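Naming follows writing order (A, B and C), and every chain is counted from residue 1.
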Amino acid sequence: MTPKKADKIAVNVLYGLSGIIVLILASLLTYILVRGVPQFSIEFFTQPAKTFEVGGGIIIQLYNSFYLLLLTLLISTPVAMGAAIYLSVYAPQNSFTTFVRTAIEVLSSLPSIVVGLFGFLMFVVQFKLGFSILSGALALMIFNLPLLTRTIEDSLTAIPSSQREGGLALGLSKWETVTRIILPAAMPGIITGVILSAGRIFGEAAALIYTAGQSAPALDFTNWNPMSITSPLNIMRPAETLAVHIWKINSEGLMPDGPDVSAGASAVLILAVLSFNLLARYLGKKIQKKITSA
Amino acid sequence: MAVNPEETDLNKKHIVTLNEKEPLAISTKDLHVYYGKFEAIKGVSLEFEKNKITSLIGPSGSAKSTYLRSLNRMNDEISSAKVTGEILYKNVNINDPEVDVYTTRKQIGMVFQSPNPFSKSIYENIAFGLKRHGVKGKETLDKAVETSLKQAALWDQVKDKLNQSALALSGGQQQRLCIARAIALKPEILLLDEPASALDPISTSQVEETLIELKENYTIIIVTHNMQQASRISDRTAFFYLGHVLEYDETRKIFTNPTIQATEDYVSGHYG
Amino acid sequence: MEETVQHFKKRSPKRKQERFGKTISLVATIFIVSIVFSILFFVASRGLRTFTEHGVSAIDFFAGTAWRPGEVSDAGEPLVGAFPMIAGSFLVTIFSALLATPFALGAAIFMTEISPKTGKKYLQPVIELLVGIPSVVYGFIGLTVIVPFIRQIFGGTGFGVLAATLVLFVMILPTTTSMAVDTLNAVPRYYREASFAMGATRWQTIYKVVLRAASPGLLTAVIFGMARAFGEALAVQMVIGNAALVPDSLTTPASTLTSILTMNMGNTVLGTLENDVLWSLATILLFMSLFFNILTRWIGKKGAMK
């Protein structure tokens, strides 16, 4: 075989492999949407789930997913921000810093089921928080911290060091320089990172089945007393999310229209993650524009 | 005929000191800067006169920027850097670790090689530093913004768009904004690290004119690679070579009749 | 004079501010690090109880093939042989990596060497979307498409190692691909130019120059994919059948460490042997994850030395 011929064959094979990947994604999306979107109905989005009958909805799980997402972002963003500031501003170049970076990397590579089991041991059992939104949010925080810290740190270090020098030369502390100059300038990157992490959190189930639990007690959406068990705001109630719901229906196999509900829920999940992605891009670009122009 | 660097006698120096009539702004005594084991500045003693422009010139690697950055303790930010010797400002050795670095930098302002306005509005770029140092009141801030922009000869060009992003300005305007930002804090000394090296000739001459006007109120120390610039704007010039100052004298003298051979070779363009 | 000295030595509020900022950011950092150690400590100390509290021998646990926690053998030993799950985890990991690697490398080469423009426009978003799809959705598709498909072709239930492998293949594809892309992009331009200048074809350049220069990074990409496959829980649990048997065929129900953990953690009581052996499985997962981590570091170091 001449080198020219080998070249041609190789290029064709590469085209083929890449084409198959595109095809896989396309068929995955088509399958989920074709199978799932027809399940969408007003009842589907407004009714609670039914375990043994046909026609249940996903309202409670959907709400739980968003509520958990919000709480997780609220507790993980400040911590990730703090660690990212430490690593990008204060961390000296020594073995302690290397050690910290290694630890964060290890955390990011832990399987999420392990994070969930740890959450179970620590929050559910040890801290006696039970299967609750709070336990779930804490587990998701652990799941989210390493990646979010890295994204924020990357956004911070992407700002030219001349900005930092400019602040320091005015007699400002590093803290002021990073919080008032670098952080605002890095905001587009940080917001993109936070929203992308939101997509990951929204679809996560393994970290939740033993922390936020696998049951979704009925909620009364007119009850806004956070201490009440039926209140949507209560953080001590067990809360099955949409992703956990899909897993639960399929592994229990009790729900007669389980495949339909799962398909609908999967479509919702994918559309949500997709919109997080689009939102991240859009907001990132928009804020960037706002900063650099008028 | 260029001298071989190895043949240059680093012990032969010509450094003038100030007389009683020439008020001192800042001086260094036997200043050394180390980066780890590497000695970048090898004992520099210089006296800078008040309300004058002093140029620091010298070939790349002569450590003139390093010297400049020591004067407002910016080298503190490099963890491997160590500065020994005295930096006397108002008779205080500000190289003492006890000395508050933030107070020091507020009084000894700095402008960098490439313009680095903050990604904030033009107004905020200037008001920001003031606010962070506790200046309050819209009127006070407005006044300070206006004064500093006027001093930096930028007011007329930006007065109608103070709320626009500073990043939308041209390079020369950005650099003058950075000068305005530094002088808004009313420092006594202004350090400039090759402030025009990233600018086109027109912007460069605008910045130069600004500096000459600023001399009335500030002591200016400027690092430059541009021989013409040094001779055009400065009153005194120090020639840096491999971490030493070989010659320090009036600019006119440095450029027309230097004492040291290496200085002559450098200013006449034999190497650099 | 003394006054000016005082002026300069006075501690400005900035120093306090700096100490404050440094402290809280350090606290956040140490918090994260302490989480990592808590996980390692608490999970492992639970996992070790199988051997310390319940006196199960390590050989019985790692090599035993009978997994019926709660029951004892004729000799009175508890039946907690984890070998079926260990074998299952390794099998699905290795098979899915074998399947995904050619596709991932192919796509990465396509995106960096053949057609960066098309790659960026089409493949990049495809890869990003594949990463974004939640694992339960992969599990659901596996359950409703792949399992019935396998059932039709090979008979049986359709659950098993093959189904898990196919699901994991798609799941680790984007991980491996995007890391491989980063690695290939890091190969300096002039390597390729030098090779072209000597008259090499595009494929010769890719095969003999680019891939060779990038091989440590590509290996890391594959290992990252394997780590993801090894730790994936729900998608695998949904399609593998969860029978704690050493798989003797690719299309009969089997199980992995993660699938058994997912299934049984809720049905056992903390402190009993039935529960502690599950923590032992979790500990294996934990150490495998550390092992993959160390492996990639080691490769990185070796690659850098070359």
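Please note the rule applied: contacts are C-beta pairs under 8 Å (C-beta built on N, C-alpha and C of every residue); 3 or more make two chains touch, one makes a residue touch a chain.
Please read these numbers as outputs of a predicted model, since none were measured by experiment.
Graph distance from chain B to chain C, where chains that touch are one step apart, equals 1.
Ranked by how close its mean Cα position lies to the mean of all protein Cα atoms, the top chain is A. Inter-chain contacts peak for the pair A-C. Centroids of chain B and chain C (each the mean of its C-alpha atoms) stand 53 Å apart.
Annotation: 18 Å between the Cα-based centres of chain A and chain C. A separation of 49 Å divides the Cα centre of chain A from that of chain B. Each of residues 14-15 in chain C touches at least two other chains. Among the residues of chain B, those in touch with two or more other chains are 102-104. In chain A, the residues that touch at least two other chains are 171-173, 176.
Residues 3-4, 6-7, 10-11, 13-18, 20-22, 24-25, 28-29, 31-32, 35, 78-83, 85-87, 89-91, 99-100, 103-107, 109-115, 117-118, 120-122, 125, 142, 145-146, 149, 171-176, 178-179, 199-200, 202-206, 209-210, 214, 243-244, 246-247, 250-251, 259, 262-263, 266, 269-270, 273-274, 276-277 of chain A touch chain C in their complex. Residues 72, 74, 77, 79, 101-106, 109-110, 112, 114, 116-120, 128-129, 132-133, 163-165, 167-168, 178, 181-182, 185 of chain B touch chain A in their complex.
By the touch rule above, chain A contacts chain B in their complex via residues 92-93, 160, 162-163, 165-173, 176, 180-181, 184-185, 291-294.
Chain C contributes residues 14-15, 17-18, 20-22, 24-29, 31-33, 35-39, 42-43, 46, 102-103, 106-107, 109-111, 114, 119, 122-123, 126-130, 132-137, 139-141, 143-145, 170, 173, 177, 200-204, 206-207, 227, 230-234, 237-238, 258, 261-263, 265-266, 270, 279, 282, 285-286, 289-290, 292-293 to its touches with chain A in the complex. Within the complex, the chain C residues that touch chain B are 1, 4-5, 7-12, 14-15.
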